[in-house]
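Chains here go by letter, A, B and C, matching the order in which they are written, and residues are numbered from 1 within each.
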């Protein structure tokens, strides 16, 4: 008999896998309450570092061509498909779902990546427009990513809710700092391994595990965060108040469904800015 | 030798009542506790205005809710549109009266109210009228639904225009509204109430409650409003964002700005000068998207400033009712004090202040068009919104430096680019974090064109289909 | 300040190449912005005393013009008499700056005007097309100067300009300037007609303005009045910017003359507003600003009568010319 090698579950910041700077971990139990793994418990400083990494990565990611971003997102779907078994196993262990149910969740997660991948180069075609202004001007409205998004994945979904939190943010060129479900974090960490091998630039997605309630105020009040997705938070009223400090765009809890194999364009555009450019027309 | 004789517009074109109550449920109520609204150009009292209470607000919201449920939401879009077209036409018919009223109450030149504000007001209603029966095409799926009652609080810098930006899309989308005009500029909103009566708009669809900040707060905080739309300072925007936290009120915030107007050495210089002038002195600089930071490429600084200063010398400051006045009155004593204090602070921090020789009228609130030269990015006048005719001048050497400096602000409403090089415009337009980018022009507005900011300049857009979506379920 | 030589201004020996580099380095003109500024100045409201001043100024700055194939000495004489006494009911009415005629009419105009102080301007250089050989153009010019023309309104070679042959345009202007030299060593005043309606773009107009100023033109003039698009407010504003900037840079004052299509007092006043607010009051003199017009005078006279009497006047109350 051979002793199996267990995985050390760490954070994902700036494309790297650090432990929490605080050195803290917390035990994650399976659906029956048995110990499953120790997971890093992110601190406010980890959140701070993640925002710095996200900010550093954002303009490059937004500046990549839409075609390129689409391919990267599709690549994530490919890599997820290839590691399906691992996700199924983790979802089953954490949630007690059947093999079929767990596979369905992975299917939906993969399909959602594919759905989002196709949007990168179509958002402007659908949500942007030329404006026929009453004057000799060329005038066009396009959408661009709002910047750095802090997000809290739904607590009751191990993988799909997380995917439907990350994908709508990064599809347009945002960078995200996402806090996974506190009790169901393992697929989140495995997903970072998928992301790390999908040509996604380091820092575009940063994943923190730990206590949402501990990290959330630091992200909600962070002045260098442009938008906040409060889906997985409990103290969302107070957080929205804090987010007002620099007028973050706020996605309220329940604004968008997270458990489908498709997202919503409105969710994507809520994390974007309409920019209108004018130029005179004349010889 | 060629001095322009005074060419005053006739005040007789408008008749204000001595006092005004709120306009609720299609009727003007009796005035309650009142305050005086004045003409900032000469500090003369124009009318007594009711200071709205929480009870007044509640009454208005109830009227709006009732009208929404019983009448407005049941009306086919095409019929709603017809009301808006009617309103647009009446505004055109009464355009000169409205222009005079706006100038008297706001202090901005009649030239601007006549040629910019009021024509845009009519255009806004005309544009959104056409949307009312085409909501299926707004990009939100079939049959998108209105939100319900919209609470709208607007500023004093473009009183009637801001009203149009708020009310036209709200009504087109099928909402009813309660609007609070700014305390210093309520009169055109009250004239608009008359227009609603003339258009036979169903009672309660539009309600106007006058008053101060606490009146607005009561409106925003009312538990039965579904949408909050605010234009004003970032400071108040923050308060509103906190106030609505945890509710499901949808919010549009149009807040402050500190726009960079970037002039490259290959710019069409004479037009750039006009753009700079228009960017900062239009409406006395009381414009949230004003180009209040001039970023000029170092190599043409002297040439540009010389042209700019000469052009500033031709600006005519004075009686807003004079058709030849370019710069009118500052809207209030408080605002004038704020401008004065910020400019003093700028001087204290080492900036050099320059204004052309101009006679400041004895009565009323006026501030000469002003350049702050030698400003560094750390100076107060380079960072804080002054909301007055004050331009802070800075330089840059490379396009990247221009972008970095332009984006180095908590605001992100607008930006200007002046260069003859097309590829540079397109690259800069990508890089500037601003909701509106004017290339080789500035301060252009159109109902078809979305307007609104990044970052602390607020969220949501007004104008275009985006401005319509802000009043529909499923839109942002 | 001593005026710089053209070589010093261009920064090199004058060649087509150096002229091209110099002209193409001028700031571009944004059409929409220029026209918006012109339109905004058009909304200035000029009333009472300022209107009275402007109406008189417009007359004083007028080149009263007749440039028809059917012109006769008799007709020119009648126009000159009109210039001498524009409004017989008001002997305080100012006189136009000049009478503008074809070269062969100069002697008749001179005779009629005598030493009244009203100048005689002659169009020359195969006006209006300019399509003749250079010797013919020069002879045309010399002929008019010899006949006593105080001012010469020449046309530039638009074909050469549009084909990029700036040197040819430049040389012709210089040659015509020399042809303006009188036997006593003085020069007839040279106005250079750009024919802006044929240059079409504002960038071209700015470049042609600079070329004309470099070559020694005393005035730059918009149009012959013989093409579809003649003087417009934006074009005049652009040329005023050019002379203003030229004065700033080189200390030399150049005049501007819009011509063609200015028919009403209201239009003329708009032009004066543009002069005041673009180049400055310094240019509000017949030495630096002229209107080239034929029918403008009567409308201005009617407006003067209205200001004086308070009643609207009619065409029967001013003389037909």
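Just a few scattered comments:
As a working rule, a contact is a pair of C-beta atoms (placed from the backbone, for glycine too) under 8 Å apart; a residue touches a chain by one contact, two chains touch by 3 or more.
Source: prediction; values computed, not measured.
The touch graph of the protein chains shown is complete. With centres taken as mean C-alpha coordinates, the chain found closest to the middle of all protein C-alpha atoms is B.
Of the two chain pairs examined here, A-C and B-C, it is B-C that is joined by more C-beta pairs in contact. Averaging Cα coordinates per chain places subunit A and subunit B 36 Å apart. Between the CA-based centres of subunit A and subunit C the separation comes to 69 Å, rounded to the whole angstrom. If each chain is reduced to the centroid of its CA atoms, subunit B and subunit C end up 44 Å from each other. Residue positions of subunit C touching 2 or more other chains: 30, 32-33. Listed for subunit A are residues 135, 137, 280, each touching two or more other chains.
Those residues of subunit B in touch with two or more other chains are numbered 440-441.
If you check the complex, the residues on subunit B that touch subunit A are 123, 139-140, 234, 237-238, 241-242, 245-246, 248, 253, 255, 410, 412, 425, 429-430, 433-441, 444, 446, 448-452, 454-456, 458-459, 461, 464-466, 474-476.
Chain contact summary for the complex, subunit C toward subunit B: residues 27-30, 32-34, 36-37, 43-51, 53-54, 57, 241, 248, 272, 276-277, 280-281, 284. Those residues of subunit B whose C-beta lies close enough to touch subunit C in the complex are 1-7, 111, 115, 266-271, 274-275, 306, 310, 314, 323-324, 420, 440-441. Here subunit C touches subunit A in the complex through residues 30-33, 35, 200-202, going by the rule given at the top. Every residue of subunit A that touches subunit B in the complex is listed here, in rising order: 63, 126-127, 129, 131-135, 137, 139, 141, 144, 146-147, 226, 236-238, 240-241, 243-247, 249-250, 252, 266, 269-270, 273-280.
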